[in-house]
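The letters A, B, C and D name the chains in turn, as written, and every chain counts its residues from 1.
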Amino acid sequence: MGMIGGGPGSFIGSIHRTAALMDGEIELVCGAFSSSAEKSKLTGEQLYLEKERVYGSFEEMIHTERSLPDEKRMDFVSIVTPNHVHFEPAKLTLQNGFHVVMDKPMTFDLREAKELIKIVEETGKYLCLTHTYSGYPMIKEARQQVKSGNFGRIRKVFVVYPQGWLSSYLEGSDQKQASWRTDPSKSGIAGAMGDIGTHAFNLAEYITGLQVIKICADINIVVEGRKLDDDGAVLLKFDNNASGVLIASQVLTGEENDLTIKVYGETGGLEWKHSDPNSLLIKYPDKPVEIWRAGTGYLSPFAKHNTRTPSGHPEGFIEAFANHYRNFALCVRAQLTGETPKEEWLDFPGVEEGIRGMAFIENVIASGKATEKWVDFKV
Amino acid sequence: MGMIGGGPGSFIGSIHRTAALMDGEIELVCGAFSSSAEKSKLTGEQLYLEKERVYGSFEEMIHTERSLPDEKRMDFVSIVTPNHVHFEPAKLTLQNGFHVVMDKPMTFDLREAKELIKIVEETGKYLCLTHTYSGYPMIKEARQQVKSGNFGRIRKVFVVYPQGWLSSYLEGSDQKQASWRTDPSKSGIAGAMGDIGTHAFNLAEYITGLQVIKICADINIVVEGRKLDDDGAVLLKFDNNASGVLIASQVLTGEENDLTIKVYGETGGLEWKHSDPNSLLIKYPDKPVEIWRAGTGYLSPFAKHNTRTPSGHPEGFIEAFANHYRNFALCVRAQLTGETPKEEWLDFPGVEEGIRGMAFIENVIASGKATEKWVDFKV
Amino acid sequence: MGMIGGGPGSFIGSIHRTAALMDGEIELVCGAFSSSAEKSKLTGEQLYLEKERVYGSFEEMIHTERSLPDEKRMDFVSIVTPNHVHFEPAKLTLQNGFHVVMDKPMTFDLREAKELIKIVEETGKYLCLTHTYSGYPMIKEARQQVKSGNFGRIRKVFVVYPQGWLSSYLEGSDQKQASWRTDPSKSGIAGAMGDIGTHAFNLAEYITGLQVIKICADINIVVEGRKLDDDGAVLLKFDNNASGVLIASQVLTGEENDLTIKVYGETGGLEWKHSDPNSLLIKYPDKPVEIWRAGTGYLSPFAKHNTRTPSGHPEGFIEAFANHYRNFALCVRAQLTGETPKEEWLDFPGVEEGIRGMAFIENVIASGKATEKWVDFKV
Amino acid sequence: MGMIGGGPGSFIGSIHRTAALMDGEIELVCGAFSSSAEKSKLTGEQLYLEKERVYGSFEEMIHTERSLPDEKRMDFVSIVTPNHVHFEPAKLTLQNGFHVVMDKPMTFDLREAKELIKIVEETGKYLCLTHTYSGYPMIKEARQQVKSGNFGRIRKVFVVYPQGWLSSYLEGSDQKQASWRTDPSKSGIAGAMGDIGTHAFNLAEYITGLQVIKICADINIVVEGRKLDDDGAVLLKFDNNASGVLIASQVLTGEENDLTIKVYGETGGLEWKHSDPNSLLIKYPDKPVEIWRAGTGYLSPFAKHNTRTPSGHPEGFIEAFANHYRNFALCVRAQLTGETPKEEWLDFPGVEEGIRGMAFIENVIASGKATEKWVDFKV
C-alpha cells in the first residue's frame, strides 16, 4: 500500500495506517504524505519507509511505483487527504492500474463522483470508501437481520450523529481538523452534513437496504462566523414508503461521537450505538429485548467474518476500519490469484455508496434552502 | 377530591387515585366514575366510598357536593375521562367553585381551551393539567439549570417520545385504551401527537423556558385502517432562534415509553431519559459528563421539594404524578388558609400549558398537511 | 392502621405511611409516633389524625384501640422504631389481637426473634417484615424463574449492598439516622450487617429458595471511632452446595444504594440491580442476554400482581414497599371475610424471614471474630 | 519480532500478532509457531513469512536468529504457548540476548518465576508480561488518580472476573482452549485462578499501588470431572490495611468477560468495567458521579499516551494489548539508541508482576485448602 496524505497533524491518516497494518495482510511501502516534500519526508522517516519510496507528490508516487517490478510495486493506494484532493489522485491511481482506498465523502462534488464511477468501471479496479461504521460486526448483523425479514417491512429509521467539538469557533485557532472541514474550498458545499451526515446517511441505507427518495432538511450555521453548516436535521422518505429522521450536528456541546441508529419494522426493531458498538439491541412487541453481542456463536457469517476476538473482548473503531481494509485486501488478492471473492469480502463500501453520499450532500443543502417541504432526492 | 371518569378498565384513573392518595394530603371522597351508573357504583365500592357519594353523572356529583357542608364537601375534582369529555365537566366544576385536576390534552380542541382559560381566570380556581413528566425531580432540576444559565444560550432541543403498543391494529380488538385514542370523535384531530406528542412538546418548553414559533411536521398514519396519526416527526424553531426536533410515535415496535430529551447550549448540555428518571446527565465541552441524581444534597430546592426518598431509592411515574397532585393540593390548602403558596408549590402545569398543548395539536396537524416547509406556530 | 414510631426526623416512618396509603386499601387512623408525647402530637397533627387517636406511648395506643368498637378500631399496627423497640411493641400488639407490620431487622437479637415466632404462632396473626426488595416485581419474577428450573441447579450467588453515607464519622454530628444505627444499645450487635446485610441475605435466600448453611465473614469497622461494623464481606455455602459472596458496606464512598444480585445456574443466570429495578437480565450460554421488563405481558402472575403501571412507566422503592403492605392487607382482609388468600398475596416476608435475618446477624458477627474459615450457620 | 507458539487454533497468538503489528513499530520476521514443524510451516505461510525463518522448534529459532546479521536478526521474542512452555523458551531467549514478551501467568510455578527474575536481572533484557487490562488508557488513568491522592487512603477494593465459557464440561470435546487450561500438566496447579484470577489480582495491585498481604480463599471445582478450579472467591487484606474481595469464575453461565474493578478511598471511589473500557466512573460523597472518557483532553499523560483515537471512537482489547507491545518496543528501541525511556513507556507489566502473579496462584490454592481463615501471602 502507498498512501497519499496523512502527514504531520493528520488524524485520519494514522487511523488508516493502523487499520491497514493490524491484520498482517497489508504492508505500507510508500507514500506521498504531504504536498510539502519536507513534511512528507518527515512522516516517511517516522514510518520506517525506504527513503526512495517517500515521494514529494502523488503524481510522482504513482508514476514511479508504476515502473517498479511487480513484486516490489505497491498494489493499491490509500487517499486520506481533505475532500478537494480526492478526485485527482483517485483518478490517476486507477488509470495507472492501482486499486484505491479513500476517505469519505468521495469527492468534492457530485459531478466528480459521477466521473469517478466511470473510471472505476472502465479500469475494473476496486475502490473502497471508508464509511467506517458499516465495518462494525454488529452493523453487519443488523443489515443481515433486516434482510432476513426478521422485522417485516421497515417503517421507521432514526439515525443521529452527534458531535460537540465545533460548538465554539475552533477554526479561529489553527486547529488543522477544524480549519479544512469548515472551509468551502476544501470541504465542498457542506460542513457537518458532508463530514458526518454522509456517514449517518450511509448507515441508514446500508442497514435497511432501502434508498431515500425525498428529504426535507433544516440546515443551520449555529456558530457565528462559520462558513459551512455545522448542524442539521432531515426528514426522510424511503423507497418502500418508510419514513425517518437524520440528525447530524457538530455543535452539540459535550457530545463525543455517539452515532446511533434505530430501525423499526412491523414485527420488531433494532438499535445500535457507537458508544457500545459490540452490542445490538433487538426489540419485539411481546418478548424481552435481546442484547446481541459481537464474538458470539449465534451471529450471521457476515458478523463473524468481521470479528477478531471472542465475545466480551471489545473491538472498536480501528477494527471496524480495519475490516474494510481487510475485505478490500482479500478482494484485491483474489483478483491477483484469480480466486472468486466471497460475499463477505465484497461487503465493503465502494463507488456506489460514494455517489449516494455526494448526492446526499447536494440534495440536503438544496433542501435546506428550499421553501417547499419535500424535495426529491436526485442523483 | 371527587373523580370524574376512572371506572372499570381505565388505566389513568387508577394512576390518578394512587398519586393523589400517597402523600396523605388528599382523600378520595366521591366520584362519578362512568357514564354508566352501574359501573360507577362498582368502582365506588371497590374504592370503599360511601354509597351516597358515588354518582351516576358528573353533573349530579357537582351539584350534590356543592350543597354539602364545608367540612364534608369535596375540595376539588379530578377529571380522567377521554378528551371529548374534558371541557364540559371542567367548566361545570370551576363554575361551581371547585378546583380542577385534569388529564391532558386539556380539551377536545383549541377553541374549548381558549374558553376554559377564561373560565379559570373568572373563577380564580386552580387548574392542574397532569403533564406527568414535569413532575419528575430531575426534570425540575433540568429546568433550573437552564434557567441559571449553566448552558448559555440554548441552541438545540431534541425530544423523542417512542411507543410501540399501537404498531398493530389494536383498535380492531376491543382494547379500551386503543379504541378511544384512535377515534377522532373521542380524541380530536390528533392521535399520537395528541396523546404523547403534547407531552414531548410540553417537556421541551418546560425545561428550556422557550416557546416554539415555527414547525415543519411529517405526520403519518402507519398502520393501515387507522383513522388518526400514529407517528410523526417535527422540526422546531424556538423564539430564541434555537432549533430542534420532536418525534412522537406509537408504532415503534418494541418500544415501551422511553421519553427522552436532550438540550444543548453554548457551554453545556443535558440529557434525561424516562427509563432512568432519577438521573440527569450534564455535559460540558472539556470536562467529564456528570450524573446528577435525585435525592442528593446538591440539587436545587425545586428538585428536592419533589422527592420523597434519599438518593438510590428510586421514585417513578406514580411519584412524578403525585408531585403535581401534592403541589396542587398545597396551593389549594394555602388558598383555604390564606397562606402564600411557595414558588415550588406553584410549579405544576396549568391552563397556559393546556393552551400551548392544544395549539401544538392544531399546528402540527396543519403543518403535516402543508406543502410549505415552515409553518408559523399560531395560538 | 396504627403506627408506632415514625415521628419527626424519621425517614422510614414516612416511607411506611406513603406505601401503606397509596393503594387505597389502608387508612392511617392512629399512632404513637414518638416516645415524646409532644413530638407524637406534632406528627399526628401533620398527618391530619383525630387528636384523640394520637397517643403518647405504644402501650396506650394498643390498649385504647382495643377497646374501640370493631368498625372504628385499627386492624393492624406498623412498627417503625429503631431495633431495640421492635420486640415489645410487636408482642403487645399481637397479644392484643392486632396484626403487625414491622421494619427489619425483626428484633434486637435472635433470642427475641425466637420468642416472637412463638407469639405469632399462638395468636394466629399476620406479621409482615418489610424486607423491601422482595416487593419488587422483577424480584418476584427472578424467584419464579429459579423455581421453574429455568437455570438448572443454582451454583453461584453474588449479592452486593453498597452504600457510602457512613464513609465519614457522621454519628459525630447529631444526624438521627446515623446515631441509632451505629449505637449498639439501639441497633444490637451489628451495624451495616444488621441494617443492610440482612436485606442482602434475605434477597439471596428469597430468590434462590436456598438456605445458607456455612459462612466465612470478614467484618470491619473502617471509620475510626465507630462502635459497630460498617463494612463486611461474607463467603457463603448453600444447602444445595452452591457457593456465593455477600458484600454489605456503608463506607463505599460515593455509592448510593445499588443493591445488586446475580445468580447463576447450570443453564443460565440472572442479574438485578436496584438502580434499574424494573429490568431483570436473563443470561444464557448460547443466546443473547434478555432484558425482562416490569409491566409486560410475558411475566409470571407473581410479577404482574405486584405492578401498577404498564411497561415503561417506572415504579420504584415506594411501590415495592407498598406491595408488601398491599399483600399483607389483602391477607388481613381475607381473614376478616373468611376468604382464602391467594398465593400471590401470601408472598410477603414474615417471621420466618425475621428469624433467618437475626440468625444471619449473630452468625456473621461470630464468624467475623472466628479464626477458622468456615462457621456453621446456626439458628 | 519472532514468535513462539501461536500456531493453528491459537486464540492468543493471533491477538499478539495483531497487537504487535498495528502501530507500525514492530514487524513479525520469524516464528516457531508449533511443536509440529508442519503446523509451524503452515502458520508461517499464512503470515507471509520468509520460508527459511519459519522454524520447527524454539531452540532452532533462537540459535539461528542469533547468528543472523544485526540488521536482519529479530530484536525480541513473543512467547504465546501454554504455561508449561513459558519458562524454557524465555530463559533461552534472554540468555541469547533477546528481549521477551510473554503471556501470563509467567511460568508454570513460583519456583520457575524466581529463577526467571534472576535471568532477567543478569541479562539486562526487557521482559513484558501481557496482563492486557493494565494496557487500557482508563486503567492508566485510574492508577494515576489513586496515586495523586484523589481518593485519600484506599479502604476497599472489589475486583470481579466473570466468565461462563467453562460452565459445561467443554474439555470433554477437543476444544483447544479448554483442553490445556483445565489440564494440570499444562496449566499448573490452578485453573480459573491462574487463567483469569491472576489478571484480576494484577489489576487490583496495579491500580491501587498496594500489595495483598493476607488472603482467605474459597476455591471450587464446580463442573463435575474437571481437574482444576473453575471458580473462586478470595477475601483480601492489603498492606495499608484496606480490605477487598476478588472473584474469578469461569462457570458463571451467560457471562462473557466483564472484568470489573471498584476501588474506594476515604474521599472518593472509582469504577471500571471491561464492557465499557473507555469510561472510568469517579465517585464522590457529595457531588455527581463523573464519567471520565478515553481520548479527552483532561486525562493524565499516562492515559493520553496509550490512546490512538479522539474521544468517542472506541478502542478495545487489541489496542490495550498493543499498548503493552508499543511501550515495550519503545523501551527496546531506546536501549538500542541509548535514549532514556520515558516513564510512560516503562509502564508495562514485567517480571515483578509475574512473580506476584505466580505467588497469587500458589497462595490462593493453598488458602483454598486451609481450614484457618487468614493465610499470609508469601512470595
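One rule holds for everything that comes next: a residue touches a chain if its C-beta (ideal position, glycine included) is under 8 Å from a C-beta of that chain, and two chains touch if they have at least 3 such contacts.
The shown structure was predicted, so the numbers you read here are calculated from the model rather than taken from an experiment.
Among the remaining chains, D is positioned farthest from chain B, on the basis of C-alpha centroids.
Taking the options A-D, A-C or A-B in turn, the interface that duplicates B-D in more than half of its contact pairs by residue number is A-C. In terms of their C-alpha centroids, the spacing between chain B and chain C amounts to 34 Å.
In terms of their C-alpha centroids, the spacing between chain A and chain C amounts to 55 Å. In this assembly, the C-alpha centroid of chain C lies 43 Å from the C-alpha centroid of chain D. Residue positions 255, 289, 293 of chain C are each in touch with at least two other chains. Across the complex, chain C is touched by residues 11, 14-15, 17-18, 21-24, 28, 47-48, 163, 165, 255-258, 274-277, 293, 295, 308-319 of chain B. For chain A in complex with chain B, the residues that touch the partner chain are 151, 155-156, 158, 160, 164, 167-168, 216, 218, 220, 222, 231, 233, 235, 243, 245, 247, 249, 251-255, 262, 264-269, 283-285, 289, 370-374. Chain contact summary for the complex, chain A toward chain C: residues 282, 286-293, 296-298.
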